[in-house]
């Protein structure tokens, strides 16, 4: 199959390029960067000299349709909206890694402060979390690839909410991310001297990924009641990795082993979710450069709360790797195709 | 006044040495290290060549009493117990930076897995959180200097609990620390290659600082009911700094400004607590190498929970700086004596 | 072909395991760790759960010979000596990543302060720098895989020395390495708190890689005269990467372009050496997790000296990747087999 | 004495503010930032809340002259030129931390690509390296405070060159710096993701500090011959610190001890130069946040070259601390006034 990557010079696009090099059934035939069209990708990123020979082009839907079956759109939120309709109209199946097609229009407008996509395009979008929606994904024309924080959070919590094991209104999620999640744009907040030897919270209770998480949790909530969460994001002085620590009140007196059994069953067909035995915990390094999501949990007998910790690589399972997992589903391939390389632990 | 520093070559002891250099009314007359007695401190730590000329000695209480009025004990938990009784018997007033004298015997034994100090010594110990117990501290013979996590957590939460503004049983505290808190001992967990570009949790719900926090929150709880918290600790790939993110259910419909007003009043005489205006948040760099505790908070109208973030330097307000603050109280000096230098932001 | 990896739990061994996962013609049939024999590799390194299912075994040459054609020995210097003779006797072709078989006995003893291998074994060893000795490597029974610093240094300098373009006695090499080169052993020098936000030199002029570099430079020196270098090693607070900055006096008035032309010719068949155009320079990130060696150079018209900068990943081209490159030569495969994945730039 | 700080919000200006807080005889009466005039310094840098209460002003020479005896100008090179003449005309003694007044006009224009200052102002400038020019500094109206790289390099090499112990034309200096030296301006080269886990060279042989170093080495060269050096700069992924590794050919058969004796004599009255005994070496952490320059050296008997390593904090001895050392000389105070606090090792 032939693949176009739009926005190939951003951190997410660049990771899609790297990951697809491992994919034996995908050929990258089009890489776009409107701002650097005409340049060789390997001149922009010298680490690719001798490895990849792509030339950057402008994102022209008609031209893309001639040369690609699938488009992975790694453009910023608010920009992918402009290009996705043309791709769909030209018959290209689209995986959008931006936030534009994940939320109802009004919710998107309120949390992103941007113009939402047209309702007809939005109606065709499927939320691309394969561990929950694999069936719908397979037939989709447009996949809204999940955000990085939602991926780690949802995979950590879905079994508990879906099976009514916790009070979803009690959910508190404390999330931490490396800097690559902030993207390549320059700002005081990404200057090395400001970030190194520092730890801080940002967008406390106001991160745009909150409604995305709540929407999916509500979808699986047995009571149907809308779930509202407390959610705080922090910046870790490292490049890759997200770790979420989630807390919730149990609805019964379950043990750690009880809950782990539920998780094992829930994820028995999920090749990228790895559960830790009781007493062991994920760390971001264990999933670096891989599509795994590692999860550990513990029931605290003192408080009757459960603590769940999830770790992903924000650029892989939280972005480009999950996009390829979705691509595999679209193409009828095994989810793991091209995604089985070991994490780069060191 | 003349000061002895016991355990001067550990990270905490070394920080006490550094901080007392700024104290115009304290003279360090005795520095101990049982394992390196006889060596010059500046040969162990070459950064001190030409700055300090101390020779390390064994910790002999009788000899210490001849040359010092106060002893700051920066020995590991379980070790300070052995030396504190002799110091007290010799008439030296003691500030113990270890965990040995902070908890009732049975609680200490259960959480530290070590032999507790004698009950008579323990009975004389005052918990050295100046923002809460300044009066008792002034007259004490033995100060149990608070732990690093409890300091950041308690300063973040005391106004809310004391004034009944939150349900204390709803408290969830997500804490993050730099590596200096783990001390100088070698372990796989402190190897640079294992720590760098990594983020992880540890001792989830089982950290020995939990009962210390609960004891003080219970002490200020208007209902008198024992407070039980959820508490998780994480390691940040940096040297200094603790940041705690705390969540609790409000008992009424208070605004962010309402709560900030309570904090301002509560800390009106606390020179080291700095409150952020609504919408601004602490970061660890803002307090590096200083005795400040920076606090920010926000009421989330969506969940009726409050999020409070506190930041300290774990080696200063979380250890050596707070010890000097207590020393000042013991000596009848202003709390800020020797502690007014600006944070080393860069 | 079937491969045994000895010392699989050290940083170098672990990297060989990771890299061979990409090698379509190699099957790892034996992984050894004397200290952790019996354990599952994925229990020692949880990032490998679900990826690799090897069980660690003791390094038994006879058993290895039954199950493997080639052994990659990633044991410490001084230890590989003990196991290599048995492997050779059992008919296994060996690539030794330690320093034991790179130097004449007396030189090894002097610089490593260890007992050298037997002279008969040593006589059969070929120095495994494929860019220089590919022909001899193909027929070897025992490959002495080059050290990390020598690899970067030699690839940076071979064209200049071999073609008499510099005075080899004027060579000064200033080398910098990440911490993974120091290995997994615990020491004050690898404690996170000692390494982070710090830069220092070590073994100034006394590093054991000096005679290895001098031996090869002497081998290509047109005059045949022994080459003696100034060589200083430094530690960079990062995990992976070596960058060497070399300086030498030119023997004639060559321009930057003249020298680059010589390099292009010298390395025209070297798939892993990438040359930068004048004015562009290598950085360690450009080669991370890959087998590339990036080189840039400049003639300084003010001093008539040339500055050459080389960058490698110390664990790949400086160890495990080069071992696989040598394995490919032994097996008659293309040098690049299994080594073509893109650097992990982010 | 009353002090104005111009450019107080840059990294260097901010460090001057921090350091002067320790100076018992200096009062900061004026802090300028043209771009943020009117703001409180503590609103721009929240770590200063409760510590300092300065309001930023525009840099008005006449107004400055009313309120300050001395101006420390921490503006960018090319900008200080615009303000220094007005300050001098108004009777303010000036220490310029930019590069504008260190070089002859033609040399400055060639290496900085900027318009040089007027020749009359330049004629009055004294190069502010107290270890060499203390006498001239004391009477100066205008001090050109040395650059960060020149300070570390010159202090490492002055005794050798001045006493004819090396061939100055053989000098090769390999320099490494943390990121704070690059300043606060945003660029791809200071983005955390580009810097972290990376090491690279920049401005190879072309750094604007080269002529500054050569000028002073020429000044002390017994032969009077102009000294030309090879000089390469590298970026270390850390915030503070410069380490220079210098190599030169000895003019006679001196031992390490011979040379150390010369250094001890040369620096016998230099309170900030600390020499390491043979076999011990500087590291950047040993001088962090202090005005020390640590130096170690070794004669290599194999090559008859000497290797000298020097370490400074680029923001202190390499900028703001040295400026205060010069201020002390201007004011007739001991050089160490306000500069005796211990390095912040941790």
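For reference, chains read A, B, C and D in written order, and residue numbers begin at 1 within each chain.
Criterion: a residue touches a chain if its C-beta (ideal position, glycine included) is under 8 Å from a C-beta of that chain, and two chains touch if they have at least 3 such contacts.
Since the structure is predicted, the reported quantities are computational estimates derived from the model, not experimental observations.
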Tell me the fewest steps from chain A to chain D, where a step is a jump to a chain it touches.
1
Looking only at C-beta pairs in contact, point me to the busier pair out of B-C and B-D.
B-D
Chain whose mean Cα position lies farthest from chain C:
B
Using the average of all C-alpha atoms in each chain as its centre, how far is it in Å between chain B and chain D?
37
Rounded Å distance, chain A centre to chain B centre (Cα mean)
39
Return the distance between the CA-based centres of chain B and chain C, expressed in whole Å.
47
Among chain C residues, those touching two or more other chains are 11, 180, 193, 196-197, 237-240, 285, 288, 346
Residue numbers on chain C that touch chain A, as the complex places them:
11, 14-15, 17-18, 21-22, 45-52, 180, 196-197, 239-240, 271, 274, 276, 280, 285-290, 292, 294, 315, 340-346
Sites on chain C touched by chain B in the complex
11, 179-180, 184, 186-188, 190-193, 195-197, 237-239
Which part of chain C faces chain D closely enough to touch in the complex?
172, 174, 176, 178, 193-194, 196-202, 204-205, 228-230, 232, 234, 236-241, 243, 245, 247, 281-285, 288, 298, 300, 302-303, 305, 307, 309, 311, 346
